[in-house]
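Shared between the two complexes below is subunit A, which has subunit B as its partner in the first and subunit C in the second.
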Partner chain A sequence: MADPKEAIKEKSMVIQKDMLAKQFHDLSKAKELGKKVVYTFVPGNLTELILSFDMLPVYPEINALQSGMRKKSAAYIREAEKMGHSEDVCTYVKCDIGMMLNGNIGPTGEQLPKPDLLLLSYTGCFTFLKWFENLERLYPGVPVAMLHTPYQEDGKITKDQVDYMVKQLNEEVIPKMEKVTGKKFDSAKLSKLMENSAKAEDLLVKILESAKRKPSPIDAYFAGVYYIGPIFTAFRGTDSAVEYYTELWSEVQERIKLGLGPVTPEGELKEEKYRLVMEGPPNWTNFREFWKIFYDMGAVIVASTYTKVGGVYDTGFRHDPKNPLESLSKYCMGVYTNLNLPQRVDLIENYVKEYKADGFLINSIKSCNSFSAGQLMIMRQIEQRTGVPVGFIESDLVDPRYFSYANIKNRLESYFQMLEQRKIILKQEGVEA
Partner chain B sequence: MKSLDIILKECEILAFDLTFSKAKKWKAEDKKRILVGYLPIYVPREIIHAANGLPVGIMGAGDRKQIIKGDAYYQSYICHLPRGIIEMALDKNLDDFDGFMFPAICDCVRNLSGMFKLSKKGKFQRYFDYPQNFDALIGGTFYIQEMEKILEDMHAINGVKVTAEAINKAIKLYNVNRKLIEEIYSIRQQYPWRLSAVETYHILRAGITIPVEEHNEMLKQVVDHIQKERGEPMDNIRVVVTGSFCEQPPIGLIKSIEMAGCYIVEDDFMLGSRQIQGEIKDNSKNPLEALADAYIHQSTFTSCFYDVENPRGKRLVKLAKERNADGIIFSAASFCDPALLDRPQMQQECDAVGIPHINFQYHENTGQFKVIKEQAGTFSDSIKLWA
Partner chain C sequence: MNKYYLGVDLGSTTSKAVIINEDDEIIGRGITNTRSNYSVAADIARDEAIYNARFSILQKKMGEEMKAKPEYKRYIIDLESVFQYEQFKVRLDKLGEELVKTCNAFFKDEKKRDEILGHLRSIRKVFKPVIKHDYLYNNLGSKNQFFRDIVSEKYNEEVNKLDMSLFEPLMTVWDKSISPAENERVTFNFKELVHKAMDELRDKYKNLPETSADNKSVNFDAEMNLLKGNFDHVSETLRQHIDEIADIEFHIENMTGTGYGRALLPFPQDCIRSEILCHAFGAHAIFPETRTVLDIGGQDTKAIQVDKYGLVTSFQMNDRCAAGCGRYLGYIADEMSISLNELGPMAMKADKEVVICSTCTVFAGAELRELTNLGEKREDILGGLHKAIIMRAMSLIARSGGVFNEFTFTGGVARNPAVIKYLTQLVKENYGDSIKINIHTDSIFMGALGGAMFARRNIQAELPSAKKGKQVA
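The block that comes next holds the complex of A and B.
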């Protein structure tokens, strides 16, 4: 996380910090607590299923981003490159491998336990497959459960695809979880967790959609990844997640009542000048600097796609306790990176329109083909369909070599100028921006 | 019988005819014929054949086309293959194609399928999901459903009702194709000087642009020709080249490896034509099941299939031993996550059994091979020295 001493925090942020600290503490004591540990990915994660077996999930992507924020990623990446990994490939993988080679010390300074199961939820990113094949060799003997999530190539989820996933859950994933834990699968327990998920999802959507207001009470990208979203993955399904989102929603309502803008690390945003929709992951190594460029200019991200990699809930999906396995399958298939390009364009177009955005911006990530390949076409489509100015910047998730502050700042400043000019023109024409 | 030189000349032209004129001519001869383009690596071409279609491999623009528009569609850190293909699409090279299949090798190809959808190229644009579950009842069933979608797409275009008989007939033809290709590799195994790797490459790549019947005829003649002595044996080392399964290395690169004193006795350049090993059952009542079984049980190793049960590093080592290779060259396209992320662990497997290896990266339009030639030359010399 960004330096906690400097940042101004809301109550919800404090709760989140405690929850995460406890999670990492539990992980460091997993063996003593007799808990089994599952490594798995954020997109298409099966958190409720994992929790129903009383296992603890570890998300290597989150460790990697935390390492990025704590300025440890450069050394980890170097370590992985020393063992033969190419400079060209996804830096999340290299950061994770480097961290593991360096003793697997987690973000709180405590050692992360070895996995008892590698749950390869292969959803929305080809690199996941490679990542866990690599980990499997680094943790010899640890079983891997492969869950292949079919891509929404046709822009819809078919019955055949759901059947394929449910069969894999029944015959590959659940048996491996049973074997690792020595427990029987408890469908009722899973459903109970999913009831909580749906409650948290309702709240999350309300929070995200609050950004439709002017001014927006939240920043749906920076804050979205900083304190709105992160809790979602590891805790979805728990009582504490519902409590957290209840608290957060009441804070947001309060902000709405008072007509306040988003919270930034330096306090309230005083004036919302530009409303943007953002595509692509953020940069983590210089997260605070990156965010600051935006809030200094009065730019608020009102909707983002990255916050939908853990699930797209604002178009209606909710975990369904009545059909737990079907619902988990649909959840996996519905995450943002599993949508096809036309669906992604439609979603962004809707965001621009519904959230009354002034512009659309892409942060293109060197590491991530899943996001980046095709973004330039997405950009053109959005420009044609909505007429808002589009912008494009490039960085990386956790490799500081690919974050050029001056370059990004320059580009953004020209982009904001463009937005400003358009506002003036629209005003002259009597159109509400 | 044509002379080998004539066949090779024809193949070279066909392999790099980026307008696919021969395929388009074939289609023009009959209204019910369709052209289905597919990207690397593999698709079950049999079902296209059975639907009165010609499966045409689209392996990229290589160094044969200047990329101008394509670069505006891709950031600098994305491999070269998709930008060449977009350029071809925008330049109307692919205009007579009825549909496109994008096999599930990586997210670049996956997202390219969406770009084709958005630009409405062809009447269908299918991302063809390889199941990563290798249980016949789970992954196999899914694979059959994937094939059925393509069959429906093709049916909607030409109305051809595909029968089991037609698929079985196609399987027979492709069985012959696979067998002849393997025969060429096994002759080259013993007499690598008789047909160079570049010539082999041209022959295989030509084959994915013409009807299989014609390619089989061509392959038979090649096999006949190379049964006889041709060329001169040289004091070369024997290498396996791996990692070039998608974006194709430029011919200059293959040539440089050969000129540096290496016989390429095994490679994964045209992997799609060789992915299924051995024969596919050609008399099944349910030939889609036979194709799915072949995918599940007879696929060779490659970066795009989940391999924890049967690690590809070990399979590479086994292959190198079978081919009696002296060393392995890891040659991957720049920014190719699948190939590059596999490399370290495959290299470790080589180290574990003492197989020497080198690696380099290329773009399909790389024009300078000096460094690669030197590197391969040093590799070959060092092996000769220590052998």
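The block that comes next holds the complex of A and C.
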């Protein structure tokens, strides 16, 4: 393949790049800056609480996907497999462990600091527990705080569950943070951060919901993970996050005004031909190739579930500064992967209907149990409830060995042709699609 | 002028072409083995389909007369067989030239070269009449066997009769010659060739024995008897019609390419279409009540759900691994040193099905040897292998949503009786007796048929690969 050209970037993307660069720079200087470092997860992340203690968060999942995008994951995974991790283990885990074994150099080329606290903020994914057990061994003596997040088995968050979560925050998480930082928990500071969070969340929802328009001004999956979502995790609660999303929202409004489609690495999408709802994480090792198959066909993802792993806000949840710990608890239990399967089906069904999607597509990840479980059922249900054509492709998060370009392209081409033919023939037959 | 539409399905193992008329009727079929040169494979399949179309137009034209005079029908069928032999002969001569060329280039030692050339000549002398006989009397042309397979089999037979020391040089010469011979584009003059075939046929009829040795069918005898002593009259009556169909200018109004190699087909870019849609469309055209299609091809198995318009609503394909597809059977046949066509009939003789893992083709080969070693019967092992393939397909079908009435089975593997046996058994077991299972003699052509039907409807398609599609010169 030819070398990909430099991707075309919007202002927000440049701001994001600077923010992330600064973040990684600060991390590399954490010890000098006297900052304590927390390793934690994206789903159910306690960013506001971490920031209220002036600690810096490191997200091993994000490091892994960054390594995937920078073509470094294959070597890291090999390293972890040499250590004895099986081929079937989650490739985020292996990539992360491999990176640590290779000197823990972050995506900007600077070394990541060792953790002062391992915060297992989400237990909905069983692999996360095992991941941190491994980190515990790799960083002996580092305290571990675990927050056990009850799954929404009955499709709702009960008062008992909230009490249970708050109790863990008060008795497990906060005391450990206090001990590590030597600072007292400051509820007012947390509330202040959460005010910002709610503001950023309002803006994020507006941006995501702009995809209901035709043409959609954004791609809610590829762009969703590329520049709409990332800031949300590490920076939520900060002034700069609010500024970032204010800028992004004004860009999106401008696109709406001009009737423009989403930005792709090769510029504006000229014609929106298919609107899709996407389930499952993307492949990171071949992210641009993967995205290109879509935008070359004029396919736009108008809503996706993966961008809701860090929080589902479009159904109304906001961080509540008045009840900070209760609200953090509800946030943790409300993330997409913590919803039960009927809730996920309902959510996707609404997306297909509200975003007027032409189809529903699943990218099933070989090494991710959290996502893969139930996907075929979800697919059947969505097909029955909405009548849109459904598609299923398979790849992996960051293991390049499981991305088969020819096979994926063949399936996607077939899928897009299927959508197109439906439109043509149903029109000929006088049937509304 | 009549309008015709072409569909070419360039699969991983075989390349198929179908020509339809304006009523979606199949009038021509062509099939060949896919080779490294996709373009030649597509051309050969298309040319064959056009020749076949000329013969079927002839049959159509003579429709009424053929009813009254069954010997006409017999004559036309025989003529097509001999016509196929004439084509074969041209390619065989090319192969002969290649073999000599290779021999001259490869053996520097004159004595050795002459020795090998001598063997090549005598091998050819033995198998040429055998193949001719198979075409003329055993209808080899209609058995979907390819040039490479037919000659390889006979060549191997002859080489094996010779001294072991000759095996390596003779096989080396063969390996270096077969591909160039097979990949050469040969243009035939239909009229010339059909006249040659008529002459050849005349000899055949002239020398007909009093009673045919192969008198399996009453019709055959009756028709043959009518032809005997009457062939000159029949051929002269038909000659004018034959010349007419030879002169038809075959205008292909539109065409569609599909299959794995579709992006490499030298077709206009908007004429390329996914094989999933083509298989579904073809199967639905033949059996309009079809709702679920299973296609087992050379390297992939597809479970496809279609609606009442023949439109795909969802599909599932094997991912990452092609165990359980056509190539799996090909590998097993090689392991057992039998031809692919013998596998199914042998499996039908199984008393039980030996349990065999279908997750890996190569491992299945190892398992096969181990089971043979343990004393399991070949038939029972093959029964197990065929069942394993269907079990794998069943899981794919389940993933795609299950079997809905009616169920149509397509692809090259659909010609295998054991596959059909286990498929029927497992579909009925899992989805009930009321499921109607459709299998058509043209199963292998379904993708090409669907392609031709899309071409007739002139439905434009846009594809990323088409946009930047590579054109093969």
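Brief remarks on what is shown
As a convention for this text, the second predicted complex is superposed on the first by the 418 of 433 C-alpha atoms of A that agree within 3 Å, B and C clash if a C-alpha of one lies under 4 Å from a C-alpha of the other, contacts with A are read in each partner's own complex, and residues count from 1 in each chain.
Following the convention adopted for this analysis, contacts are C-beta pairs under 8 Å (C-beta built on N, C-alpha and C of every residue); 3 or more make two chains touch, one makes a residue touch a chain.
This structure is a prediction, so every number in the text was calculated from the model and none was measured.
Of the two partner chains placed around the shared chain by superposition, subunit B is the only one that A:Val89 touches, whereas subunit C remains out of contact. In the overlay built on the shared chain, the residue A:Asn323 is in contact with neither subunit B nor subunit C. Applying the stated contact rule after C-alpha superposition, one finds that A:Asn350 touches neither subunit B nor subunit C.
Once the two complexes are laid over each other on the shared chain, residue contacts for A:Glu394 go to subunit B and to subunit C alike.
Of the two partner chains, both subunit B and subunit C are touched by A:Leu376. Within the superposed three-chain model, A:Thr108 lies out of touch with both subunit B and subunit C [touch as defined at top].
Of the two partner chains placed around the shared chain by superposition, subunit C is the only one that A:Ile293 touches, whereas subunit B remains out of contact. Which of subunit B and subunit C touches more residues of subunit A: that partner is B.
Contacts of A:Arg137 after superposition on the shared chain: subunit B is touched, whereas subunit C is not. According to the touch criterion, the shared surface of subunit A, contacted by subunit B in one complex and subunit C in the other, consists of residues 376, 394. Those residues of subunit A that touch subunit C in the shared complex are 292-293, 296-297, 376, 379-380, 383, 389-392, 394, 402, 404, 407, 409-411, 413-414, 416-418, 420-422, 424-426, 429. Within the complex formed with subunit A, the subunit C residues making contact are 260, 273-277, 309, 311-317, 319-320, 399, 401, 459, 461-465, 467. Contacts from subunit B toward subunit A in the complex involve residues 72-75, 77-78, 82, 104-108, 110-115, 117-118, 126-127, 129, 131-133, 135, 137-139, 141-142, 145, 149, 303-304, 306-308, 311, 332, 334-338, 340-345, 347-348, 361.
Every residue of subunit A that touches subunit B in the complex is listed here, in rising order: 83-86, 88-90, 93, 120, 122, 125-127, 129-131, 133-134, 136-137, 144, 146, 148, 150-151, 153-154, 160-161, 163-164, 167-168, 171-172, 340-342, 344-345, 364, 366, 369-370, 372-377, 381, 394.
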